[in-house]
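The first chain written gets the first letter, and so on, giving A, B, C and D; residue counts start at 1 in each chain.
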Amino acid sequence: MIKVGVIGAGGYAGVNLISLLLSHPETKLVWVMSEEAHKGRKMSELFPHLTSICEMPCKTLDEIEKCAKEVDVVFLALPHGIALNYVPQILKSGAKVVDLGADYRFSDEKVFEKWYQVEHKDKGAVAEAVFGLPELYKKDIKKARLIGNPGCYPTATILGTAPLVKEGLIDPASIIVDAKSGVSGAGRGVKLITLYCERNEGVMAYAVTNHRHMGEIDFQLGRVAGGNIQTTFVPHLIPQTRGILSTIYAKLKKPAKTADLMKLYENFYRGQPFVRIYPTPSTKNVSFTNYCDIGVAVNEATKTVIVTSAIDNLIKGAAGQAIQNMNLIFGLDETTGLNQIGVFP
Amino acid sequence: MIKVGVIGAGGYAGVNLISLLLSHPETKLVWVMSEEAHKGRKMSELFPHLTSICEMPCKTLDEIEKCAKEVDVVFLALPHGIALNYVPQILKSGAKVVDLGADYRFSDEKVFEKWYQVEHKDKGAVAEAVFGLPELYKKDIKKARLIGNPGCYPTATILGTAPLVKEGLIDPASIIVDAKSGVSGAGRGVKLITLYCERNEGVMAYAVTNHRHMGEIDFQLGRVAGGNIQTTFVPHLIPQTRGILSTIYAKLKKPAKTADLMKLYENFYRGQPFVRIYPTPSTKNVSFTNYCDIGVAVNEATKTVIVTSAIDNLIKGAAGQAIQNMNLIFGLDETTGLNQIGVFP
Amino acid sequence: MIKVGVIGAGGYAGVNLISLLLSHPETKLVWVMSEEAHKGRKMSELFPHLTSICEMPCKTLDEIEKCAKEVDVVFLALPHGIALNYVPQILKSGAKVVDLGADYRFSDEKVFEKWYQVEHKDKGAVAEAVFGLPELYKKDIKKARLIGNPGCYPTATILGTAPLVKEGLIDPASIIVDAKSGVSGAGRGVKLITLYCERNEGVMAYAVTNHRHMGEIDFQLGRVAGGNIQTTFVPHLIPQTRGILSTIYAKLKKPAKTADLMKLYENFYRGQPFVRIYPTPSTKNVSFTNYCDIGVAVNEATKTVIVTSAIDNLIKGAAGQAIQNMNLIFGLDETTGLNQIGVFP
Amino acid sequence: MIKVGVIGAGGYAGVNLISLLLSHPETKLVWVMSEEAHKGRKMSELFPHLTSICEMPCKTLDEIEKCAKEVDVVFLALPHGIALNYVPQILKSGAKVVDLGADYRFSDEKVFEKWYQVEHKDKGAVAEAVFGLPELYKKDIKKARLIGNPGCYPTATILGTAPLVKEGLIDPASIIVDAKSGVSGAGRGVKLITLYCERNEGVMAYAVTNHRHMGEIDFQLGRVAGGNIQTTFVPHLIPQTRGILSTIYAKLKKPAKTADLMKLYENFYRGQPFVRIYPTPSTKNVSFTNYCDIGVAVNEATKTVIVTSAIDNLIKGAAGQAIQNMNLIFGLDETTGLNQIGVFP
């Protein structure tokens, strides 16, 4: 059994991690940590749906040194700029790290610093960290001890765009990403913008020209392309709890048919257990699962390819992908503990 | 492996059955049946979230004779009055039956006929059928070959009321059940009342004095009480997909404290893996699980006990409970394949 | 033109007041006040839907003395226990007052103090204040200079119950009120419980035995009955923005038919422009209007009358009713500025 | 008073027309028509929120000849290809016509026939009909007797794009329109795709390369540009009842700043009472109003302009705009009966 600790247990990503880990056949949850205000409170108090399932009390980060030694892997689900204060210590204790925040997603810390406007205090580790998108970097992930788990928007967007970029089928300057996210992406912190009454019946764009995930998408798509990529990325909030749909537009260099591109995507993702290709996926079809469902179509009149890519932002976009990465690091089948079948409706 | 067939695979209860059965470690899904219009169509066509998971084509009821022989148990999820035409034949083939409809929920077919206004054509089997509420009738279920799986409202309501009725703590003439249901309870058939735009932002009562589940609640609570029970049952539609919350009110014969009744409920359901007792449960806490969460409180000024009982109408109120019953019939632990941990939010 | 000031402009009740007042043909909005943090900010900043409609900057309560003199009536939409510090001063300036909070809803300040657990510092005015439910107290309202505007739950519940209580048709000890409210009832303050992700797909009861509106309901129904009334009142949160549905249950003293009671209600509310009687109203039918829609039915088997009473909690349950009261005080037709026709869906 | 008849009163656009017309100070609703199944049924039966407000019984189209003579203007809200059978007759009777369907939106019937795949049987009138987008064609509308009222997606999209196209600031081949619509856009007909349970928690694209409104957008933007325009238009369904947000992307021919374009839009729409310019509008801000709220931003790195344009699909996208057109035809101020202030939340 892999011994596991979770930091950030009071948030939505954290609690999804815990739910998945508790039903994972090869892991043992050793401790959970949350913020000061939760110290000593049981998980079932913070989240009553865990009553009788997880009565573990929350520790806090002041115990990290001792706790790190008790586990084989630590998951961190924290706001950016915090994990990097603890990761060196955890690695030193011998535990592996999967960081769900932004701190280790950029192999070049300058790019992190540009988009997040803080100094990166753990520069050394950045180059070592592996970007945890298994469909692209499985080999590296298997050998990693530190994973920068991708953001939710980047996961849906990069998986949706990678085949086109890799094959050089599109004009890279033409990529537009119109992403729609459920409200859980904004976290469990209390804010006016995430109140029920403020979001219900209201779709709107936000951070129209400067969302931080644009930096991650560009940086990582650039690696895939082997060149510079600058997308136009516009996130939107829609009135639902879970799910991201990225609609991706790009100009084709040469004419192509919908059926050809569908085939291209099927080939590109052949053998990847969590990618499914079919027309017009809905976030509803991936809810509570680790799938990324992708559809491709060509508007021949405008020579534009249109990709829709759907994930559950808290599973494939956070907790599920983190466990997929852990599975790979520890030599398990990557689907272990992640074969939940979505329930509908 | 238990070989299984599912009839009614095109509906919400049916597809939930199939999802649960596919991840059940001891069952093998042999065939699925749906209505004529679905003949030959794959499950993944009817429900795209099953893409790559269930590509089985739908059979239709004209093949039931042959098909029944291929399985150990058949689940039927059909409108009332249809299952009873096929159940005798299925039983004759040797397969066990779990009927999710109303046809076998009443050991007295007269009561069925009164509430459903159709003649019961399989009178013989009615007396043999066991009401599939494991928390009350586990022993009988284990020996049964025909289960009348409880309705969704009755499941939440009977579990919420049974301890009070059994212990004789309340005036049986005073029981009022105010039930709130998500829209999925009305099924996948297309109707004006279940359109998104008609239900969103609208809570309303319906079938205020004559909902058929009132007959089932009264009949089954009467059995628990060992006498006649007539409740006032009023169902409401609320704008959510899944979940039922039954709020139950009754006058206490003698004063009691909230804490005493909480204890009573805990004792009554001790050892029942799917009942949890804590204050003010939310349907959100049981979503996608087989739990029934119950809270009890006493308004001392009015000598009224108030119970809130929450289930997922499609799991504990339908598919999950059906599988719990199957588990018991086949000698498995009743939680087999049903230990999904709810994911939040 | 009636000159008007609104205190509490940053909240949901306040902004609804302002919207209604701006389209009211006989009022002129002179100033708006909100909390310190909003000082000098424009209404259209706090509420972008008011862009180009209300660019008035917010004042704060430190200017109340001067401001009170500039208007004919002041509306206060504040948490309980605050209005009573300012009302005496406003009245002294000659302006009328409609208080949407709880401070002036009880002619006996002891009852206020019991339910709200604070001392009432404006005891003198309490006896003078008129409970602003026009369907019951129109005559008094016309002569009032200080109105205690009813709470949202009490409005729906008292209107739904008054005819039965007044006519002595029910056992007063048997009244049960199961109320369902949209999330806007909890206000615009940021709290975990009102986050989109915490409420979506979750119905739950809260304050099961001690919600403050139970005190208001009992006190006011007692006045109607001419005796003591103690109801069992249980509020629930449901996933919608607006609307309250109160389902009211009581035992009939003598058998009655649904049709008789429908007629009774029609007669009781004849001439009241904002009450409509028809079976099973939905909150959707009253959204954005000042209507209270009521349906009555009798479960003859259990001798129980079932009333469902629907309002928009922010209009008839707050801002609309406040304006209805203002209209009456100033000798206008009570529907002036309140004849919005609901838009559907 | 303008005497008015409404055809299609049983649908969502129809009932919104009726609500607005009933509170319009200069119109008198003379009759309403709906489908055969509604014959003789009262509006308040079809839509209980109209109880006591509109008890008018529905007529059917077999009475159109007589009925047309009783009114000054007829609104038709029908599926495409039906209105064109009745419009010639109505015009002959002397009444003006505002058609909310697609039949008269194209001055070239060939384009209609291409996108709608039916022959246009009223070719003569097509050239006479005026496209009813008052912000662009006010002068023509004032003199018209037949209006083709714009579709919902085209209204949001054309208003959002016109200033850029008109000023020649963008590469017309680069226009991408990612539109998000509430479910009411799909009408009141019962379909699987518009069921509550199928849409809740599910965002998805549909008609990705061939939605009919793409034809209308291209045709009408082409007129604005004075040339050929082919956009890439992709509509999405999101889980809300009302509202459309069109997010429009295009490459700038020359660098520009956000502030410059905001100013351009303000100037372009100066004097237009129903267009408001501010950053990142939400559909919530225009709910139940005739506003189109528009925000513009420039991603300087990618030289891409991003416009978000929000309307209430049933008001500015249908009924409200139809009345705005009627106002203009009859010489009224265009805002008459349309100055509803949105209520929030």
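FYI, contacts are C-beta pairs under 8 Å (C-beta built on N, C-alpha and C of every residue); 3 or more make two chains touch, one makes a residue touch a chain.
Note that the structure is predicted; figures quoted are calculated from it, not measured.
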Mutual neighbours - chains that touch subunit A and subunit D alike: B, C
Between subunit A and subunit C, the fewest steps along chains that touch one another: 1
Interface sides of subunit A and subunit B: same vs different residues, half threshold: same
Centroid distance [mean C-alpha coordinates] between subunit B and subunit A, Å: 36
Length of the line joining the C-alpha centres of subunit B and subunit D, rounded to whole Å: 45
Between subunit C and subunit B, distance of the C-alpha-averaged centres to the nearest whole Å: 39
Residues of subunit C engaged with two or more neighbouring chains: 12, 182, 184, 197-198, 200-201, 239-242, 281-282, 284-285, 287, 345
Parts of subunit A lying in touch with subunit D, wherever the complex brings them together: 173-174, 176, 178, 180, 182, 197-198, 200-206, 208-209, 230-232, 234, 236, 238-243, 245, 247, 249, 258, 279-285, 287, 295, 297-302, 304, 306, 308, 310, 345
Interface residues, subunit A side, partner subunit B - complex: 12, 15-16, 19, 22-23, 47-53, 184, 241-242, 276, 278, 281-282, 284-289, 293, 314-315, 339-345
Subunit B residues touching subunit D - in the complex, by the definition given at the top: 12, 182-184, 188, 190-192, 194-201, 239-241
